[in-house]
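Next, two complexes with chain A in common: one pairs it with chain B, the other with chain C.
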Partner chain A sequence: MLLEASGLHVAYGDVRAVNGVSFALEEGELVSIIGANGAGKTSILNGIMGIVPLREGQIRFQGEDLTPLPAYRRARAGIRIVPERARVFPRLSVYENLMTGVYGLKNKIDLPRRLDWLYGLFPILKERNRQPAATLSGGEQQQLAIARALVSDPKLLIVDEVSMGLMPKLVDQVFDLLARLNREQGLSILLVEQNAMASLAISRRAYVLETGVCVHSGPAAELMEDPKVKAVYLGH
Partner chain B sequence: MQLFFEQLLNGIAMGSIYALVTLGLALVYGILRILHVAHAAVYTVGAYAGLFCYSYTGSLLLAFLGGMIFCSILGVAIERLVYYPLLKYPPYVPLIGSIAIMLSIEEICRLVAGPYILTFPATLPFPEFQLGGVTISSTLTAVYVITTVVLGLLWFISTKTELGLAMRATSQDIPIADAMGINSHAIVSIAFVIGSSIAAIAGILVGIYYNQVYPTMGTVPAYKTLALIVVGGLGSMPGAVIASMLLGVAETLLIGYADIPLPRDALAFIAMIAVLMWRSEGLMGSK
Partner chain C sequence: MDAYLITIGTLIVIYAITVYGLNVIVGYAGQISLGHAAFFGIGAYASALLTTKAGLSFWEALPIVILLSGLIGIVLGLPSLRLREDFLAITTIGINFIVEALFLYVPYFGGALGIGGIPRVFLFGIKLKGMAFFLLCLSFLALVIFICWWFTRSWGGVACFALREEESAAASVGISPVRFKLLAFVIGTMMAGLGGALYAHYMRFISATDFSFPMSITFLSMIVLGGMGTLWGPLLGAVLLGILPELFRPIVDYRILFYTALLLVMIRFQPAGLLGEGSIVRKWLILKPAGGRP
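Let's look at the complex of A and B:
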């Protein structure tokens, strides 16, 4: 197992966001966590990244216990996040944003090759290289956030609500890209989405979340056919 | 005309010193969104530590080094022991903490070094210049050169190095900086080391400039630098430098040359009120 999360609890003050969720992800898998707004999806990802503290639970990554490690150590271990609403650094240039993605690792990776590859995937980023990230459109910021998470050649990419606020055409492109990264590069991806249909379509397995509890899980293809899931999440 | 130029040169020196102190404030505000009022007390401690090292070793270099090291330790202690635990509360809580630290440090200085004015009988080893009948004293030269070097170094670190990138990223989004592999807490501490070292330099320069070191020498700078970061744009380092320079020159020229019947220290606050009324984001602020 690449990632094993067991019994995760996240709470903000007295508000419980996640109540004992467990899941796992194998190397090379694309797994999604779907659920309505406020189901605790983002809290799970932030808990895995270390951006919010866990009340309880354990996270193992490549067999190693990550639970006591701060976020920056988890990032260096190979977990990278595409945060909700992109959250690029607004007053850093596009290039500088990409450089934050390889902070402390510059000498450990073939940076020019990685950049060439990313500029190939997102030509707009090369064009806007020197511009402050705040001047990019929402879709461009989302591309920058994905690129920033990919520069360091991560072992696990976690993607938070990437479809939010994007035009439908862009949503298709982004999901297409994630599916390709997973298939062609073998990149392990954990995807959190409200857009259940689109994410199930590219996932191998999925977990369905409801108010902080996992209510279903299984192969994505089966979940797409499950009448209960269909009724609640796919709008049929 | 000669008086005008003399006052202009003094004003630039004054502005340089304001800039050195205000930079630390802008740096801390930029990252933690805390009004680090106690920074002015760090500046006072820098002057005392420098004077102490100087009177024991007779070396100005050791005085600067000693002051910078001592102030760095003090600055990081304030950050770790007071600000960090208070960050989860609304901004006025760390602000109250900061004011408390400032008053405590002032009192400690009074207890340790005595309530009187100490002299700082040192001359900075810089050349004197004659410029069309106007003399630029060695102290003025020293202030100019040291300020230029400090600003240049800071600009270089902030725009050309990975540390600077990490500092700017941390000042824009701490959790995401962490998620990018940046140890933001260490970056915050480094910012305090830099800001406090610069405050020590400013304290020693002022001590030598006026040949005075006393416990409350930080009081007026505390209020004034607060006004200056508002005028410059909260958290903006270029704004802090520009506002400081303008104020230094304006104070000296308006009061020392044009004889405007206003208390010198009022100008900073008039400027702050004006900026708040017409451009509340400050000269270089965003939004």
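Let's look at the complex of A and C:
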């Protein structure tokens, strides 16, 4: 198992956002978490990254217990997140934003090649290289957030509602990219997406979340056929 | 040059050195500090004591003074790692009052009388006075500006900016908040220590009130006016606020009132400072945006 989360609890003061959720992700898998607004998806992802503290539970990554480690140490273990609402560094240039992604890794990866590859995927980032990230449009900031996460060649990519603010054509492109990265390069991806249909379509397995509790889980193809899941999340 | 001008110029340069340090902490790393005068004072007292009581020369004392300032900076910077912004503001004010009180009440520090008879600085056997001392300070300022420039272009600088803007996103790419906040505190307080040492050997007599809370407000006003986080803002701020009281003698008594009003006006109308992005001065000069370099 690449990632094993067991009995996660996340709370903000009195608000209990996640109540004992467990899941796992094998190396090379693309796994989705779906659920309504406020179900606790972002809380789980941030809990794994270490951005919000866990009340209870354990996170193992490549067999190592990450639970006591702060976010920056988890990042160094090879986890990267494309956070909800991009969270690019507004006053840093596009290029500098990308450079933060390889902080501490500059000599360990083939940076020029990775940059070329990313500029090929997102040409706008090359065009706007010197511009402060704040001046990018919302969709462009999403692309920058994806590139910032990918430039380091992570072992696990966590993606939180990447389609937010992207135009439909780009949503398709990004989903296509994630599916391809997973298939061709064996990148492990944990995906949260508002558009449950689209995310199930590219996932191997999925977990269905309801007010902080996991209510279904299984192969994505099966969940797509499940009448209950269909009724609630897929709009049929 | 006129001795009066040299006097004002020297003080402005010393303040500028100190304020560049504050800019690293507040402007680069985004950690509010309302107690910078404490570190200015620690540098001044350390150098004064080492040269009067321990018999060292300015140059022998200086490395110790700078290291000591940085060390104390780490210790007092630790709260910044745990505290929210508003608490950090209060804590740094508290640090300023405590340090001032220590200077004032510990007999070893000279008490209310302060420390006098601080020797002048010698260089190659020449006593540096007037213009010569001004040039010495100017050289140190150039060094400090160079370090700041280099820092903004280094990984450390980029890491600090990233933390300032989106701390959790920065941590999520592997940037340690602890390490870089403390780094900013160390660099910033070392610069304040250097400024303080120059101040002590220039005034040749120091006392606790030179380093009280209003001085911290003055320092903060300088970077807010000039442009927080910019390369030349601290210098502009130090020059403007250094000259202003000389031009308008009557405001000297109301300095703090004036600075506070200035802070409020700047934050309301020119939050980025005179040299910051989108500021009037930048528009006048039609400078290109700093390309993300704040």
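Simple rule for what comes next: the second predicted complex is superposed on the first by the 236 of 236 C-alpha atoms of A that agree within 3 Å, B and C clash if a C-alpha of one lies under 4 Å from a C-alpha of the other, contacts with A are read in each partner's own complex, and residues count from 1 in each chain.
The rule is simple: contacts are C-beta pairs under 8 Å (C-beta built on N, C-alpha and C of every residue); 3 or more make two chains touch, one makes a residue touch a chain.
Quantities reported herein were computed from a predicted structural model and do not represent experimental measurements.
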Fill in the blank from the handout: So, after the overlay on chain A, do chain B and chain C clash or fit? They clash
Practice task
Scan A:R130 for contacts with chain B and chain C and give back first, second, both or neither.
Solution key: second
Practice task
With the two complexes superposed on chain A, say which partner A:S93 touches: chain B (first), chain C (second), both, or neither.
Solution key: second
Practice task
Would you check which partner chain A:P168 touches, where first means chain B only, second means chain C only, and both and neither mean what they say?
Solution key: neither
Handout entry: Which of chain B and chain C A:P219 touches, first, second, both or neither
Key = neither
Practice task
Examine A:M49 and indicate which partner it touches, taking first as chain B and second as chain C; both and neither are also allowed.
Solution key: both
Exercise for the section: Check chain A for residues that touch chain B in one structure and chain C in the other, and list them. Expected result: 46, 49-51, 70-72, 75-76, 80-81, 83, 87, 89-92, 96, 99-101, 103-105, 148, 152
Completion exercise
Residue positions on chain A within touch of chain B in the complex are 46, 49-51, 70-72, 75-76, 80-81, 83, 87, 89-92, 96, 99-101, 103-106, 148, 152
Practice task
In the complex, go through chain A and note every residue touching chain C.
Solution key: 46, 49-51, 70-72, 75-76, 80-81, 83, 87-94, 96, 99-101, 103-105, 130-133, 148, 152
Handout entry: Residue ranges of chain C in contact with chain A within the complex
Key = 155, 158-159, 161-162, 165-166, 168-177, 277, 289, 291-294
Exercise for the section: Give every residue of chain B touching chain A within the complex, in rising order. Expected result: 162, 165-166, 168-169, 172-173, 175-184, 286
